[in-house]
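Chain IDs A, B, C and D follow the sequence of writing; residue 1 opens each chain.
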Amino acid sequence: MVNLAFLVPLFPLIGSIINGFYGLKIGKDWVSKIACGGPILSFLVVLCLWVSLFFHPEGAPYPEQILFTWVPAGSLQVEFGFQVDPLSCVMMLVVTGVGSVIHVFSIGYMYEEYSYYRYFAYLNLFLFSMLLLVMGNNFLVMFIGWEGVGACSYFLIGYYFEKKSACDAATKAFVVNRIGDFGFLIGIFYVFQTFGTIDFSSVMAAAPTTLVYGSETVTLLTMFLFIGATGKSAQIPLYTWLPDAMEGPTPVSALIHAATMVTAGVYMVVRCNALFNLAPLTLTIIALVGGGTALMAATIGCTQWDIKRVLADSTVSQLGYMFVACGVGAYTAAIFHLVTHAFFKACLFLGSGSVIHAMHHEQDIRRMGGLKDHMPITYLTFLISTIAIAGIFPFSGFFSKDEILFHALMDGNVIYWGMGVSGAFITAFYMFRLVFLTFHGESRVDPHVHPHESPAVMTMPLIILAGLALGGGLLGIPLIHGWHILGNWLEPVISFDWATALHHSETVLASHGHHESFTELLHSKGEHHPNVWIELLLMAFSVAVALSGIYMAYLFYRKHPELPAKFTKGQWGFDLVQEKYRVDELYDEMFVKPTVEASERLWKDADMKGVDGAVNGVAQSIGFMSKIAQYFQSGFVRNYAMFMVMGFVVLLIII
Amino acid sequence: MFLTFVTFLPLIGAALLAFVPDEKTETIKQAALGIAVADFLLSLVFYQEFDMHSHKMQFEFMVPWIEAWGINYHVGLDGISLLLYILTTFLTAVSILASWEVKKHTKYYMISMLALSTGMLGVFIALDFFMFYVFWEFQLVPMYIIIGVWGGPRRLYAAVKFFIYTAVGSLLMLVGIIWMYLELHQQTGTYSTDILFMTDNLKMALEVQIWLFLAFFLAFAIKVPMFPFHTWLPDAHVEAPTAGSIILAGVLLKMGTYGFLRFNLPLFPAASYSLFPYVCWLAVIGIVYGALVAMVQEDLKKLVAYSSVSHLGFVMLGIFAFNHQGLSGALLQNINHGISTSALFLMVGMIYDRRHTRLIKEFGGLSKIIPVFAIYFMIVTLSSIGLPGMNGFIGEFLVLIGMFQTDVVFAMIGTSGVIFAACYMLWMFQRVMFLEVTNPENEKLEDMNLREKILMVPMVILIFWIGLYPAPFTKTFDASIEHLVSHVNKHSGIKHEEEGGAHHAAVKGKATVAQLLTTGTSETTVLVKE
Amino acid sequence: MVPLSHYLILSAVLFSIGALGVLIRRNAIVVFMCVEIMLNAVNISLIAFDNHLNQHDGQIFSFMVMCVAAAEVSVGLAIVIALFRNRPTVNLDEFNLMKW
Amino acid sequence: MEPIPAPLVDLTSLAPVLVLSVFTMMVLLVDLFVGRNKSVLVFISLTGLLMAAISAFAKGAEIPVYSFNGAYVVDRLSIFFTMIFCLSSALAILLSVEYNKREGIRVGEYYSLILFCTVGMIVLASSTDLIMIFIGIEIVSICLYVLAGIRRGDLRSNEASLKYFLLGAFATGFLLYGMTLLYGTTGSVKLLTIAERLNSGEVFTNPLMLMGVVLLVIGFGFKVASVPFHMWAPDVYQGAPTPVTAFMAVGPKAAAFAAFFRVFAEGIPELAPSWETTLSIVAVLSMFIGNLGAIMQTNIKRLLAFSSVSHVGYILIAVIAKNTLGSASLLFYMLSYAFMIFGIFGIVILLGREGNENLELENYSGLGFKHPMLAFCMTLFMLSLGGLPPLAGFVAKFYIFQAALKEGFLWLVIIAVLNSAISFYYYLKVIVFMYMKEPIGEFKISLTPITLFVVAIGVLGTLELGIFPGPVIFLAQY
């Protein structure tokens, strides 16, 4: 069964090749058929794989499909292989599933575009790379996908390449991602140096008995990997590219910058949980970064007027949640939130896409309002997803977010939890702000524009995704033991043998002379049965928080629309937030400009004057000397004789 | 014998071309192309016949040349030179096809091209120092003529600079060669300039090795070119005609790295070990410096030229990693750079033929006007950036992972080059291909014609082939690299008691990083544990 | 009996006088004369050495020198005459068509 | 009274000298009878040279042979040099044939002078006695004085010969004085005797002797045109008729070097510590000044003059090395130099035409594509002079460096190497003009056969010595 794995990425690849080279010839209909056919087919294959996993014997290693040896270099033998285990299977399902839906949506959304084929070629190519990323059985194959998705996002952000802003955004996205990839590469090097291999299975198996808990090796290693994650998943400090990435077509934002690519970092961390578990320091940093990002992005979200930018910021902050979960070692929760987020955020983006489509590419919510009558389906689905993201029972967001918050408090500390909760409050506020401003209230729409409901090809996906956003919570029902489907499903991947690991660390440390005992740590890691009441209490609290946020939004934007202006007028703080804390400018001043100027100087001064100047200087000095030498050749016999005598004297003196 | 034939075939062809009357340009072009292609096909035979499992020289052929001095005509191929050899024949064919539009003195152009090809091939097969030097200097002349006659406005300056700069380095190498030749006689009583013989039988103290290493280093470093010796490259590239740039970037630069692999490492292992920190510093400086400077260039060719400086830095880093990954990465990167950069120069040349300018600010929005060109250009650009799945990545990855095991610091600095590569390449691409069409002259550019497609398709195929399935390429040099690594380690290992500066340096480098982060981490880890 | 050194000093002095003449005089003919003086200075020292070592090589040598000197003078004068035909002067400083 | 010892005369070892002298006389005689057509003279002199070359082997295998009680020797050096002399004189004569027709040099003595000069060179190369050396030098120089001024009507020619003559005589004075002092201090004029006396320590170095050595350096230095005694070379090279220039650049220089080598390496090697430094300085100066002077030149003959000065610098290294390898490399270098120089001057002559010799570099611009073969040959010679493989010049340099490194003169070799890098600049300049500049006027070149023949010989020699130097090296070394 696993031997079908290679088909999964293959279909989109074929699609992209066909569309890329013959797209113009075969016409839009065929383009769309091929483009959507690829993902859907691979979705079906993934389903088969998924089913096959049910019959997988307990405890046996998960099957891998090795296609060929990719990079043979002495001790380093990298295979080009795919890995089908619960984790990757979940990701594949999400990617192909959501991917197919979004493809379908794009048919409607992009239909007027001239270079329709180009769009779908890129989109399929993206799916291909994303699937490589999740399916790769070693770091390097993952890295192909890792950079591949970066490249595709570069293409797709720069899809409207006549717009300067789009190009800049694309380049920025790629370069920032590259900075992350730099970290990731170094991480891979460390992995190879420590384990002598870069296959996931062997590395993870060897980790407990190779690494020492909290040693700087593992800390460095994981830190570098995490830098990679921050780049891809838009965390502080590398998050700035994501909001700009909204220059791309909306479905792209839905697929790449909400549902799939940006979650790659989370996936990678979870995939390497065996390593991260051993690096407490890294985990702390991850949690802090995640929480910080969640808060910061949320605050920014409150102040934006561009519908897509709001969603982008919310994406960033939701990713922050996932990292908090990783940081406290609640990998299931992270994946859980990843999945639900994929559903509702994709739905939100597509909804916004449908709105923008209806409004003829108007994205400013100040020129919207009262759309709910014009486009009911869009409104409904959008609302559902909004409630979901706000985390109201029983929508999917509620379950995943609460699980994260719960773990944040239990396994982490109150700080993380506080960050999470306040983030939740703000999220609820700005998401409903968005809803109110867009759909409710009297219309502020430009009279020439006549908003209308989008065609079925666009609404169907919305409905599907809304449904998932609604019911997605069922994957992880809390409280009742054993009902956490996702948890049970992922158990084999993220189970970690603390006992051996810590024991090994102790022995190693002992051999190096300093005796530390990890026993109490081991106990803390042991299976804890939290008090059900505490959990319930937390849930209630967070729901209350969300509701209050919603109410506040209602207060501000429905009841007293004049309030916000009062509060924000001339508030430097508000301006600061609205300008996204001026981080872009900061980076510009700190890194971009200096680099460019330095390069200029390097070239003009160091290279042309310095290095090359030296070379030419030698040449010129020789030329000068030869000029001087010429003047001795005066043409007068007596001078010649004089020189002879002088030579004689000189030699005589020397001898 | 067959090797000799394939090597000298272009020269013979050139000699024959000399008798064709100048007017018959078409015939001349076709003939030249025919010869080059034939040579390429013949050279493929070597790949076919090559025994991948032995590090020994193959297709060896030796006849006495100057008995009085014990100099032989001795040629052969091994894993290190095989691919470079084939690459040379390939690029010769490509560049002749690329210069189809040359109007001025076509005949002499083709003659110099073919002569040049023989010179380069000779460098890669020579197994005798005297011969090596002969070819090494010989190929300067046709290149000099090509730049000087068919080059751009400042061609004279560039040509003379190229020639003399290279000559200075190689002349010092000559002194080194003679010195070793006499020393060998002192030790073994036989006069011989045979490279293999010398490698096996010549024993030198460390400081002697260091001096000789430096003599050779200068010659090769100028050719590579490494950081402080690189300034001839941009001038030469900018002024040279397209084909000249292709050959220059594709093959001539590789002679330098080849020299390091063939001479510096095997002959002076101890010196290589003890000097490796300095070489690596130059290499990483070259990587970063080249990238930064490339970022701010206004001239496309200059940009690519500086990017070569950066890429070759990777190669040097790989060579001085002294381990399998690094070396195979370096060799692979040689080929990759040969392909990607040549392709870049090709495409720049195509634009140049259409617009007669290479200034970036003249362009913009081309991908709308010439989409096919845009696709190819994008692929080539990405491969030069080193996107995984394309050739550039494998090489850089291997180089860096190899260096990482030898010295962390250099590996890290080197890896940062990956970021800069993205910066300058994509920025260039954006300014040339994206945005609106600002310059009316660009409105009516015509897209690639058949000849240009024929030129580019093999390049692209190779780019992806090496990127996705490099085994056919790597397996040619695995054995040789194994042997080289063991040789170097053995002979420098002996010296380790006396010196070991190298290892100290390496260890120190590692230590510093470790300390930096340990001191940072250790107590914080404690903090977290409580 | 005059010691060797006297002869040598004499010849050295003569030689220097000749050389100095070559350096400072402008007239071609006079320059010849100075060269002749130098040669004769050499002859003196030759004879002196010869006498000192009581051999005959020195004398032979000095004879040779004389012949050669004669030959040189004849050639030299011929050259000057040829020159004089084209440019009626014997001032050396006027002959520098070719320089730098 | 004891019987008068009959002087032991060994005619066979003198054979080449005698043969050549006879033929020279014949030329003088025949010249009286032939009218304006001098081709007979050419024929006779060529035969004479051929005869001389053959008769050089009269001694057969048992070399070296010393005769005239150690004043005259036939050995590897002398025979090989005799070959070079005959070759160069022959080539010079061949060059002159058409040149003289064109430039209207109709004097028959011309050829006899060249032959006399050759006689002098042979004497010079094979004499081991200060007196003989002196005589040889003088024969050579006097002939050259006349040859340089052979174009009586041309003021430049006159000036050249005058300068050459005055300075030559001046230098002769120094040389003589040096010889005298050497003779006085060692008590012998025979190099061998001097050598063994110094060796056995009968005589020890004293200031006079050293002064003598320096004076010798000046004398020979002038003849080979080494800095700072080179000043005459550019002017004379420029003024003299082109074939004579070529001749001067090769034959007499080679002869002077032979004597130079004999005196210093075979005569007074014991004094090496004192003259090594002196000669090294002279060599280094020659290289530098020669190259620097050449860089700025626009007249090809002056350019070649300066380049020859720098080559003298390289060759002096061989003298300094003073081992057998040194002498062999000296031979090889002179031979290859002969080929190159005659080839180049052949081309120079071909480019000239009646009334205008086209000696400026501009006259060469565009030659490359008008007369590709000619330009190709010129390129070949230039690169060979620069020392680029696989050409004669490279092998010769390789040889000399080898000799020097064997004696441990690393620094000299490095300086030489750097200099040859500098020298590339002006050699390339010629190529630049030929290929990379547009022609200023179109060429009226009459490819006259004999001159072409000389050029061809030059090319063949350059390539042969470059690609298959084996046999010649063998001859030179053993």
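For the reader, a short list of remarks on this structure follows.
Just so we're on the same page, contacts are C-beta pairs under 8 Å (C-beta built on N, C-alpha and C of every residue); 3 or more make two chains touch, one makes a residue touch a chain.
In this text, all values refer to a predicted model and were calculated from it rather than measured experimentally.
Here the chain at the heart of the structure, going by C-alpha means, is B.
For the pair chain A and chain C, the distance between mean C-alpha positions equals 97 Å.
In terms of their C-alpha centroids, the spacing between chain B and chain C amounts to 65 Å. Note: centroid distance chain A to chain B, computed from Cα atoms, is 37 Å.
Separating the CA-averaged centres of chain C and chain D is a span of 25 Å. Looking at chain A, residues 630, 633, 635, 637, 641 sit in touch with two or more other chains. Residue positions of chain C touching 2 or more other chains, listed in rising order: 19, 22, 31, 92, 95-100. Residues of chain B in contact with two or more other chains: 164. Pairs of chains that satisfy the touch definition comprise A-B, A-C, A-D, B-D, C-D.
Chain contact summary for the complex, chain D toward chain C: residues 130-131, 134-135, 138, 142, 145-146, 149, 152-156, 158-163, 165-166, 169-170, 172-173, 176-177, 179-181, 183-184, 187-189, 208, 234-235, 238-239, 296, 302. Looking at the complex, you find that chain A touches chain B at residues 20, 68-76, 80, 140, 143-144, 146-148, 151, 154, 158, 161-162, 164, 167-168, 170-171, 174-175, 178-179, 181-182, 185-186, 188-190, 192-193, 214, 216, 219-220, 280-281, 284, 516, 521, 595-596, 598-600, 602-603, 607, 611-612, 615, 619. Residue ranges of chain B in contact with chain D, taken from their complex: 18, 65-69, 105, 108, 130, 133-134, 137-138, 140-141, 144-145, 148-149, 155-156, 159-160, 163-164, 167-168, 171-172, 174-175, 178-179, 181-182. Across the interface of their complex, chain A is touched by residues 19, 22-24, 26, 31, 92-93, 95-100 of chain C.
Every residue of chain A that touches chain D in the complex is listed here, in rising order: 622-623, 625-627, 629-630, 632-633, 635, 637, 639-641, 643-644, 646-648, 651-652, 654-655.
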